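Okay, so chain A shows up in both of these, paired with chain B first and chain C after.
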Partner chain A sequence: MRATIRIGKWLFLAAALVISFFPFYWMARTSVAGHDEVFSAEFSFLPESITFEAYARAWTDGALGNAMLVGLLVTFAILALQLLTCIPAAYVLAMHRRRWTGKLFGFVLLCLLIPGQVTMIPLFIGINQFRLGDTLAALILPFATSVLGTFMIRNQMMSIPRALMEASEMDGLGPVRTMISVVVPMAKPGIAAFSVYSIFVHWNDYMWPLLAARSPEIQTPPLALAIFQDAATGFDYPALAAGAAIVTVPIIIVFLVAQRHFVRGMSGTEITG
Partner chain B sequence: MRFISRAIIGTTAATLTLSLAACGSSSSTGVANQPADGASVAAATDISQCTAEGTTIDVAFNSLAKEPMEAAVKVIEDRYPGLSINAVPSVSTDYGELTQQIVADIAVGKRPDVIMTGLGQMQFWVDTYNPVPLDKGVLPETYQTQFLGAGTARDGVTYLAPAQISAPVMAVNQDLLDAAGAGKAEDIKTYEDLLDVARQVSDHTGKPSVSIAPSGLPEWYTQGLVQNSGGTLVNEDGTAAFGDAAGIAALDIWSELGRDGLEAGIPAASEAVDIFTSGTLPVTMITTSNIASISQGVGDKFDWMPIKLPSIDGVQDRALPAGGNGYMVLSDDSCRAAFSGELIGQILTPESVMQASGTQRSYIPVDTIARDELLASDQASPQMTFAWTFDNKLTQWGGGFPGAHTAKIYDAIELMDQQLQTGAETATAVQDAVATIDAIVLGENS
Partner chain C sequence: MTISLAPSTREEAATAPPPDLKPAAGTGATRWRRWAPVVLVSPMAILAFIFIFLPAVLTFIGSWFTIPLAGGSWSFVGLDNYREIFSNGPVQRSIVNTVIYSLATIVPSLVLGLMMALAADSLTRGKALVRTLLFLPMTANMVAMAVVFTYIFDFRGGIANTLLGMIGAAPVNWLGSTDYSLLTVALVGIWRTASFTMMIFFAGLATVPGTMHEAARMEGISGWTRLVKITLPVMKPSVVFAVVMAIIQSVQAFDTVRVMTDGGPQYSSELIQTMAWRMGFQYFDLGAASALSFLMIAALLAVGLWQRRVLAGSGDK
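Then we have the complex of A and B:
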């Protein structure tokens, strides 16, 4: 009986693995198959012939090299600014509780309920009033902080035992030193989880860069891929899949590097008290 | 110490303030419904009265017209020394996203002089941003003026010069018809013909055989079916006109296919095109602009042919709504409007139309010289020839529904189309949609 359950679990996990990986496999398969094979009526696990022509087309026609450089710069600049702003905010909200911090945190949570569409045009107007339209700054500054980041990191910090704070105070550490030397290391899973999330979101963001980045030289990877989505006449699926495969690589690397922290951060299992 | 604590609290406050600005920053697909920001001039002035030196024309367009726009800009800048044309294409080929970009630009005071727009959004621009009426004098003599109907708004004024245009048609997999002994694609002229073919093929394959997808292009397909059978989509006052007997009869084919189990139930138009290209779907509604990509995808895997939309009475040369794009002038200066008109004229010369339609694309050429050159090329297969010689009169996409509410109105039509596809009772579904649309329109007018 126990063996059956165990086999069942393994089968379930195997099925979940196949379901998770199949879209990636199909993307890779489409990227190396010919254009006519994309529309084949017969299901074939392997392509009839393999060509890497779509990768060359995606790289050159989509100018993916430049787009990925811009994407990396924008994504990591946003992340740096967000950590710089969210960690102190989370620290105050979590570790220096006053009568007003609860209300302030409620206000922060309210912000999560505002849909992006509502603020997009006002934000665009604001950025242009600062004469930052169509610049890298326009892609970065609106995301200099994150409500979700403050929320996630604050929640992680809440699980840090207060005794540690008291101990660091007795050791003569000030609030900044305590934050840097005691709280941040212990909140690493939450910070890592938010970092991975932030990188995912801003690497893949399409709508804001579409509004804010008009010059080809500051276009991000999702914008670069748009050239293969001809709304009027049809999609170039092999080039689109090849381009998607290329721009997915940095995200996979980031996830693999931060995987352990990400999982712990999301499940909140790092600090046991 | 206190200073440090205050610094941290200050940072927190700054962060929270920034949060308020940034918390909504994510994705969006809707088009902002901005009030008119300034207005265009009533008409362009005589260009001989204008000074090119120091004048800059801003053009908003997308990458579908990259090559013809580059060529046209060079010609106009050479023709008028000192004139500068700022024309950077948007990477997106989605007309809704292009509109969103332009609306955002206008909101920050960057009103472009020339815009490309999807024909489905023309009335939005007319009702919201007061474009300059098209100076037909700038069009080349060989421009096919019967297509200007697609650029003529509800008020009867032509504001837009259609450039890359298409019309709703059907694609038929002849091999699947042959296998079922269902006759020739070109013999499908009436709804009865279509139903006969669908029944024969479905009897043979055991599967539904026709797709008219309700999403993607709902209002366009609906308008195509209604007009093709002699109905009207919109009344002069902007309310829905397709609730009459002609409209219900025109749309009944959709429901009848659904009721008889002949409708394939594919939700989106683009998916129907992909599935047709795979060779498993016998008949589907498409646009002429799809023909090139279908040809490329099908290759010689099977024999297929586009046909004109069948109608109730077999008449197939009625006016159809035009899809695709065109150019309008939004200038708030009469001289910039004049230069903008010149630029539009240049985009529509035979050479530019050749680049815009091209042998790899199947837009209906708006210029006769370009059309003849395309037909003489080695790409002129029977399918491409069908697209390049499509000559039905074309009308405005949306038929003149008020531009400020087109999104809501198109949603109501899409819901009706989804109901019809599943075989809902036609009169009920149509009357519900008409009532919804009229409430939207009359609410606006009152």
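Then we have the complex of A and C:
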């Protein structure tokens, strides 16, 4: 009985690993295979020949260099604005008690339930009305704050003893100094977890840039990739896979660097100790 | 949702209620102390109001009008937009598909995520490596990955059918048939979301004290009972968070569907998100698209309120 469970667990884990990893392997394999081989009916696990010309094609035809630069700028501008707005709000919601804090938190939870995907029509009209359509600002502004970020960072801050904050205020530190030098350092895992999540989402976002960015100069990486699956020119699988690999690598690096904090901050809330 | 985390809980638990800093307006410093919280939350509150709450309200208002895309005056049409979407076959299909897609991705993602977290957590060596590999799907750019999956699920020469062929099964037209297209995009959705819930559960498991487990094991309590009676309740915040994120992920299926099937064939994998997009920005019927979008918001709010009641149990408020 015990042995069966053990074997089952190993099989499950092995299958999960293969399934998680396989598409990435396949992306790499397709990116180095020749164009003819991709369309051959014979399946082979390893490519017969290896060529890197798809990477050159992806980089130049997709203008990936520019797209990655735009993506970097947009992603980090969004992250900076979100942290600037979410951390103070989370600090107040977690550490201060006013008549309105409960209601405000309710408002945050309510907004958390409204997906950005279904509010795009008024956003699109509004952005155009303010003549911001097709600008970098249009890509950044709608995400200047995040209710998810406020929620996650607040939850992390809830585990900080209030006595600590009171002591710091006794010492004559103002609310802002208390936030920066006492509360923020202790909420680091939550802040890191949210930051990584925000980077994932906005680096990879497809829907809003598809609406908001028409000029080639402000195309984000997903828009640049979509060029290779244009029905008119036919699917260029190797270039697409190569482009996908180029675009995915920075994200994996971000995750590996922030991994330790990310995992700690991901537990939802209130890690004691 | 997560009402157990509301401020009131903690306040009751606090031993000595801190003095509410409310000095009679005096020096600049004390006035600042009084107003600082308001100033600090304002940017978030104002931006969330402008970019999240207001658009949701406007979606509702817009659903009663005919809206010209280029700007200009709206004309009131009452319930026409709702009548239009409810009598439109493809839209009905997209609503049904969205319900199926949500159920087919949220529940399996949570279960598989938990199983992966438990299996990875029980490893004595290589825990971090396994966790990193299992998390890879979440880092994927779905536009890019959807294309890899398009290839994997290709009818001829795709690896999925090659594998089926190896075990002697007939090839399946994963993306090109009305029977399988929704299932195929749901499989991709699970692939991604399960890796995310895995990470949340994994982090949650780390918050369960090992001594608690040992004690239960000593008492001879079986693994299953330990999981249900001890582990999951202790890591309840993680469970709640995983559910929230699984729902958010399932709502964000737009990229996958648009790139892999574009809702087809014959609307068989069309979801509300892709349908609303199509109506709004391909057919330029912004009013009907607003009506459909608002249905989605209303459904999510309903789920949220229900979840809040269920998960909060007999808790506070």
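Note that the second predicted complex is superposed on the first by the 238 of 273 C-alpha atoms of A that agree within 3 Å, B and C clash if a C-alpha of one lies under 4 Å from a C-alpha of the other, contacts with A are read in each partner's own complex, and residues count from 1 in each chain.
Keep this in mind: contacts are C-beta pairs under 8 Å (C-beta built on N, C-alpha and C of every residue); 3 or more make two chains touch, one makes a residue touch a chain.
Because the structure is a prediction, the values reported are computed rather than measured.
S.K.: In the overlaid three-chain picture, which partner chain does A:215 touch, first (chain B) or second (chain C), both, or neither?
M.R.: First partner only, chain B.
S.K.: Answer with first, second, both or neither: which of chain B and chain C does A:174 touch in the superposed model?
M.R.: A:174: touches chain B and chain C.
S.K.: Figure out whether A:89 sits in contact with chain B (first) or chain C (second), or with both, or with neither.
M.R.: both
S.K.: Now for A:13: first (chain B), second (chain C), both, or neither, which partner does it touch?
M.R.: In the superposed model, A:13 contacts chain C only, not chain B.
S.K.: In the superposed arrangement, does A:109 touch chain B (first), chain C (second), both or neither?
M.R.: A:109 sits against chain C, while chain B stays out of touch.
S.K.: More residues of chain A are touched by which chain, chain B or chain C?
M.R.: Partner touching more chain A residues in the overlay: C.
S.K.: Touch test for A:227: chain B only (first), chain C only (second), both, or neither?
M.R.: Touch status of A:227: first partner only.
S.K.: Check whether A:133 is in contact with chain B, with chain C, with both or with neither, and answer first, second, both or neither.
M.R.: first
S.K.: Which partner does A:166 contact after superposing on A: first (chain B), second (chain C), both, neither?
M.R.: second
S.K.: Regarding the shared-chain residue A:248, is it in contact with chain B (first), chain C (second), both, or neither?
M.R.: In the superposition, A:248 contacts chain C only.
S.K.: Under the contact rule defined above, give the chain A residues that sit at the interface with chain B and also at the interface with chain C.
M.R.: 38-41, 85-86, 88-89, 91-93, 96, 104, 107-108, 111-112, 114-121, 123-126, 128-129, 142-145, 147, 150, 174-176, 179, 206-207, 211, 226, 229, 235
S.K.: Would you tell me which residues of chain A are touching chain B in their complex?
M.R.: 35-36, 38-41, 85-86, 88-89, 91-93, 96, 104, 107-108, 111-112, 114-121, 123-126, 128-129, 133, 142-147, 150, 174-176, 179, 201, 205-208, 210-211, 214-216, 219, 223-224, 226-227, 229-235
S.K.: Touching residues of chain A toward chain C in the complex: what are they?
M.R.: 5, 9, 12-13, 16-17, 19-21, 23-24, 26-27, 30, 38-43, 84-86, 88-89, 91-94, 96-98, 101-102, 104-105, 107-126, 128-129, 141-145, 147-148, 150, 155, 158, 162, 166, 169, 174-176, 179, 200, 203-204, 206-207, 211, 221-222, 225-226, 228-229, 235, 237, 240-241, 243-244, 247-248, 251-252, 255-256, 259, 262-272
S.K.: Could you please specify the touching residues of chain B with respect to chain A in the complex?
M.R.: So the residues of chain B touching chain A come out as 1, 4-5, 7-9, 11-12, 14-16, 18-30, 32, 34, 63-64, 88, 90-95, 97, 100-101, 103-104, 107-110, 164, 166, 270, 273-274, 277-280, 287, 289-290, 292-294, 296-299, 301, 323-325, 361-363.
S.K.: If you look only at chain C, which of its residues touch chain A in the complex?
M.R.: Per the stated touch rule, the residues are 1-2, 5-8, 10-11, 14, 18, 20-21, 29, 32-33, 36-37, 40-41, 43-45, 47-48, 51-56, 58-59, 62, 67, 71, 112, 115-116, 119-120, 122-123, 128, 130-145, 147-149, 151-152, 156-157, 159, 162, 191, 195, 199-200, 202-204, 206-207, 223, 235, 237-242, 244, 248, 251-252, 254-255, 258-259, 272-273, 276-277, 280-281, 286, 289-290, 293-294, 296-297, 300-301, 303-304, 308.
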